[in-house]
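Labels A, B, C and D are assigned to the chains in the order they are written; within every chain, residues are numbered from 1.
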Amino acid sequence: MSNQERIDIQEQGPEPVYGAGVWHFATYVDRYATDGYGEPRTILDAIKLAGAVGDLSVLDLNWPFPPGGISTAEVREALAEQNLRAIALTPEFYTGRFAKGGFTNPDPAVRRQAIDLVAASAEVGRELGVDYIKIWPGQDGYDYPFQADYTDLWGKSVDALRELAQSFPDLNFAIEYKPREPRNRMVFSSVARTLLAIQDMGVDNVGVLLDFGHSLYGGETPAEAARMAIARDKLFAIDVNDNFRGWDDDMVVGSVHLLETFEFFFALHDAGWQGVWQLDQFPFREDPVEAARTGIRTMRAFHRALGYLDRSELAAAQAAQDALGAQRIAKRALFRALAESESE
Amino acid sequence: MSNQERIDIQEQGPEPVYGAGVWHFATYVDRYATDGYGEPRTILDAIKLAGAVGDLSVLDLNWPFPPGGISTAEVREALAEQNLRAIALTPEFYTGRFAKGGFTNPDPAVRRQAIDLVAASAEVGRELGVDYIKIWPGQDGYDYPFQADYTDLWGKSVDALRELAQSFPDLNFAIEYKPREPRNRMVFSSVARTLLAIQDMGVDNVGVLLDFGHSLYGGETPAEAARMAIARDKLFAIDVNDNFRGWDDDMVVGSVHLLETFEFFFALHDAGWQGVWQLDQFPFREDPVEAARTGIRTMRAFHRALGYLDRSELAAAQAAQDALGAQRIAKRALFRALAESESE
Amino acid sequence: MSNQERIDIQEQGPEPVYGAGVWHFATYVDRYATDGYGEPRTILDAIKLAGAVGDLSVLDLNWPFPPGGISTAEVREALAEQNLRAIALTPEFYTGRFAKGGFTNPDPAVRRQAIDLVAASAEVGRELGVDYIKIWPGQDGYDYPFQADYTDLWGKSVDALRELAQSFPDLNFAIEYKPREPRNRMVFSSVARTLLAIQDMGVDNVGVLLDFGHSLYGGETPAEAARMAIARDKLFAIDVNDNFRGWDDDMVVGSVHLLETFEFFFALHDAGWQGVWQLDQFPFREDPVEAARTGIRTMRAFHRALGYLDRSELAAAQAAQDALGAQRIAKRALFRALAESESE
Amino acid sequence: MSNQERIDIQEQGPEPVYGAGVWHFATYVDRYATDGYGEPRTILDAIKLAGAVGDLSVLDLNWPFPPGGISTAEVREALAEQNLRAIALTPEFYTGRFAKGGFTNPDPAVRRQAIDLVAASAEVGRELGVDYIKIWPGQDGYDYPFQADYTDLWGKSVDALRELAQSFPDLNFAIEYKPREPRNRMVFSSVARTLLAIQDMGVDNVGVLLDFGHSLYGGETPAEAARMAIARDKLFAIDVNDNFRGWDDDMVVGSVHLLETFEFFFALHDAGWQGVWQLDQFPFREDPVEAARTGIRTMRAFHRALGYLDRSELAAAQAAQDALGAQRIAKRALFRALAESESE
């Protein structure tokens, strides 16, 4: 039997479920284009656009539902219309009033507001039947040398999450770590730090959301980070996108790091991880529906490539740390799938 | 005569003029805190805060004056009340409508809008008697591999600036280069690229605004970049701030890179450069007046340190590329001045 | 009582013990200057130079003693002559034969050689009465996407160290983590990963050696990393140096990041950490004795600055996350001490 | 006519000439594995290995021929036996004696030695009929803030090259710029700086050697840098390899940045650039013949992809700065060629 035949008959398993953060379909501002990259969209508009993609099954939703004043019922209906489900809620405890921190805010009253806001989102999440509450403490960190007492930031972060996890034992909380932005340095900055913090919490329902791009520009190898979280049963969710390794550019999946993104999905698949393959792209200047379709087309090619991958050959090459050999095996599968995908 | 006495009698020259970008006194949004880090301020509010600093003499002003609907007369009056002068205008051709570029916008109509907006700012600049029009083509660049025809971007940038420079031969235009943000890659990304572009323009009234932080996180040595621009008579202006070398953090001057900032001012002074020592800080979460005072206090210490610096010793150490010796000489002057400054 | 008086009466505690890696006094090769930056030196030559510094009390020694063929007795005598003590041994299981890994070598025989070499160094360490065996698995990692099975690398690293720790229960082992170099990616790449690995080992006598420069260019805040290791009672040793935040430049302490290095020593001191303040500089082109003296002079200034630091003011500023306030307090103490130090 | 047919009938032109730096086939040392990654090889050994690759036509040769004592005649014969030609010589004025600089050495005698060594290599180059002398002033730069007088370094670099260029008007000199390593900062650090320096030299026979990896980790877009050098008729040669964007890892071509490397070759081809496609890989732990074959296989796929690329579609997408569209067109061609290449 030839090599080619052997890899043809591999089982790549059922197609994954594809998802996205609903903000993928929003418009954005930054500190320069304060008037926005495009007209504002409500979450209902964004859900409609997500539905137009055609391959998305689930969404992670900002909460309170942007721009405010939108009911859970309206959102539920909008999702139903598009045949979408809410996989997660992302409580926005990183807006202006939390500028100096959410869980770590020096003002106890603001800190309490942050915890309460997450708790309120958890109530809504229950209603919507989400899989997890996404915890991204975007303002929890510091900007200057000497500004912060690191032990204090750590303790406050751990305590807040423990409290939330214990208050909602039926729900999962997934911490999305990120090295920086909007703070110059953030508390949950790497997979290993986040795993240590979760240990300190001493609860079972807190895990990690691994954002490929955060991992990449944080200097990790995303596939390795995924293995580490899975080994501790703490990989609750993933997000994918791409960047130039210096910042969270949130580019379309596979636009720069094809091989490393494929390696990431291989790590998930190889470990039997079953979650959603989820986009966290920010198409500032691109059509969001097209950007999502492009990302999904590439993810679908990764999935197909997993079927072409000769696992025993790869295992042998990796056991010998044969870089050229292992790369060739991975590339053969990947390029075949990508070529098929792009010519369709 | 002792070392100490020798350095005491050095001439450090007259105190420099201190300035700031007026946006130092604004509030900001980013893609997360879309509701803003603090209440919005008009340029008139910001000018008032700038006046409260006490040591600022000049401002670089965004134009159209934020948030719009403010007349030149109102601004002139606000400046006069605070005993401030407009050293420059910064035309905002990097807002939402210019998302895909100002000078390099693929749509000729939008490109023309960008040029016209700068031209209009130049008219206002003439009225206010500014020293230069600051050109920061923030949206001119690209985000993805293969997205752009680099030759085309370059040509459009050069042509637009040549046209403007020829239309306003009595005014100076200072290009503020920056490696990235908001675009993943920008056309005017380094001092050397900018100098080459200025050559291609073939005009005399376009130069460089060197932002210390942009240079630093762009991988340059700012003092070396300054020397290069000065050697070609093209250093029209400078901005200072600080960062962690990975992004344009726009932190307070001297909060991280004391020695390299001092080296930068030494390079300016040593070359006889006479311009304004200008702040471009973004105090997202800090009091802007305090942030400006802190930056100026540190710059004043640099100026004092220039008086303490034993130039002949330093020249000898540098001629031998004696790193330890040169650092010691620079540190002796710098630490003395900083200690005096902080204990005042 | 004035501010000044209050900070004058602070207790900064006894002078720390200063140490260095003996390689500080070696000469180096790299892939270009294959003939070396200077004439080769034996470890006996290097010990003599270390003695000439005058302020060093302890050394971390490469083993087998370079360039080979030097006995423990000879080294002991050389140390005694210079009034120095061996604080640690660094077994060199990162030479050519370990190119594809020490603990993680794909060849079981080579892996065994690595473990045996460390074990042999431990025997010598016992003889010399060292405080710890330094474990720097420089070749344990990978270079290419897809090259390695990360779970396997992790397991082999953990197992090897557990075996060694159990074989030498009377000794301590300190893992020096490093993001990269000589491998493109290394197994023990961050403080948090290393702490997780130590947990997996399930032994008490393995801890962390935190190299300031590794932490810095790895994207950590070294002071924060130190707090994290101390909080788990795992900070066995530290090394200091400096770099430009992109690579392990091993420059002289304080030549770039004065404030962050001071913050690092503050974190150690504030937590009551009592270890040696140790240099890991590589003066490729500088006089090693002068480089060591410069590093120690700066460390001594940090120690003095700790005495000047108004801790209650700082604690209050940090509790408010007042960046400008906290920096000012730290700078006042630091600059005073540095100025005194440099004018001595 | 379908899209597919249209792109099938494109002309991709004749196969390029493939080359390599002969050091690709050497073994290496670094500051840790001082005993080397493998047994030393003479340049004659290395030439034999280069011949074994099968697809190489030309080599760039270190001079004096390593490890010394090898005659030009011996090298000429070794090349002839392998059917190889010397395209360039690389004079090694970056060894130990040049630790503090070649052209910029503070000692005039050492500076003269550097110039003389390059001149001597030029004589040998003439004999061998090379296309250019490669100038890589690896030790010309600085390591510490304040160490160097930048104007002086610049002047000495420019003067030395002008002198050499004028002494050998019949030869070309190609400067290989690099941001850092072995110095922390190097004089010829970017394409734009190098082009400015070449202007200052005022000679016609000095140009740029653009190393893809140097450009990439220097923060440039290599395709854009190539365009800039070509636009000034100064792109004398190129080298390719890959890295993780933080250091000169000299990995095998296409092991990380497939799309950007393809874009680089597209930029060359589109501009009608006719030079050699040359490898500068350092296979520290890999078989050098296999590493070269892998690099060439990928380059051959790039060449084939250029034939598949629909240029008018791409031009239209780029004219609109349509990132998703342009990427899709490029990927369609690239993936098809890569898939064919890997399945051969």
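Please note the rule applied: a residue touches a chain if its C-beta (ideal position, glycine included) is under 8 Å from a C-beta of that chain, and two chains touch if they have at least 3 such contacts.
What you see is a predicted model, and the numbers here were worked out from it, not measured in a lab.
Student: Does B-C or A-B have more contacting C-beta pairs?
Tutor: A-B
Student: I'd like the Å distance between the centres of chain A and chain B, where a centre is the mean of that chain's Cα atoms.
Tutor: Going by mean C-alpha positions, chain A sits 36 Å from chain B.
Student: Per the centroid of Cα atoms for each chain, what is the distance between chain B and chain C, given in Å?
Tutor: 38
Student: Mind pulling the chain D residues that touch 2 or more other chains?
Tutor: 100, 143-145, 244, 246, 252, 255-256, 259-260, 285, 323, 327
Student: Viewed as a graph of touching chains, is the assembly arranged as a line, ring, star, complete set, or other?
Tutor: It is complete, because no pair of chains fails to touch.
Student: Can you list the residues on chain B that touch chain C in the complex?
Tutor: Where chain B meets chain C, its residues are 4, 244-246, 252, 255-260, 285-287, 290-291, 294, 323-324, 327-328, 331-332, 335-336, 338-343.
Student: In their complex, what parts of chain D are in touch with chain C?
Tutor: 28-38, 94-96, 98-100, 138-139, 143-145, 180-182, 184, 244, 246-247, 249, 251-252, 255-256, 282, 284-285
Student: Which part of chain A faces chain C closely enough to touch in the complex?
Tutor: 100-101, 106, 142-152, 154, 179, 185, 189-190, 192-193, 195-196, 218-219, 221, 223-224, 227-228, 231, 259-260, 263, 266-267, 314-315, 318-323, 326-327, 329-330
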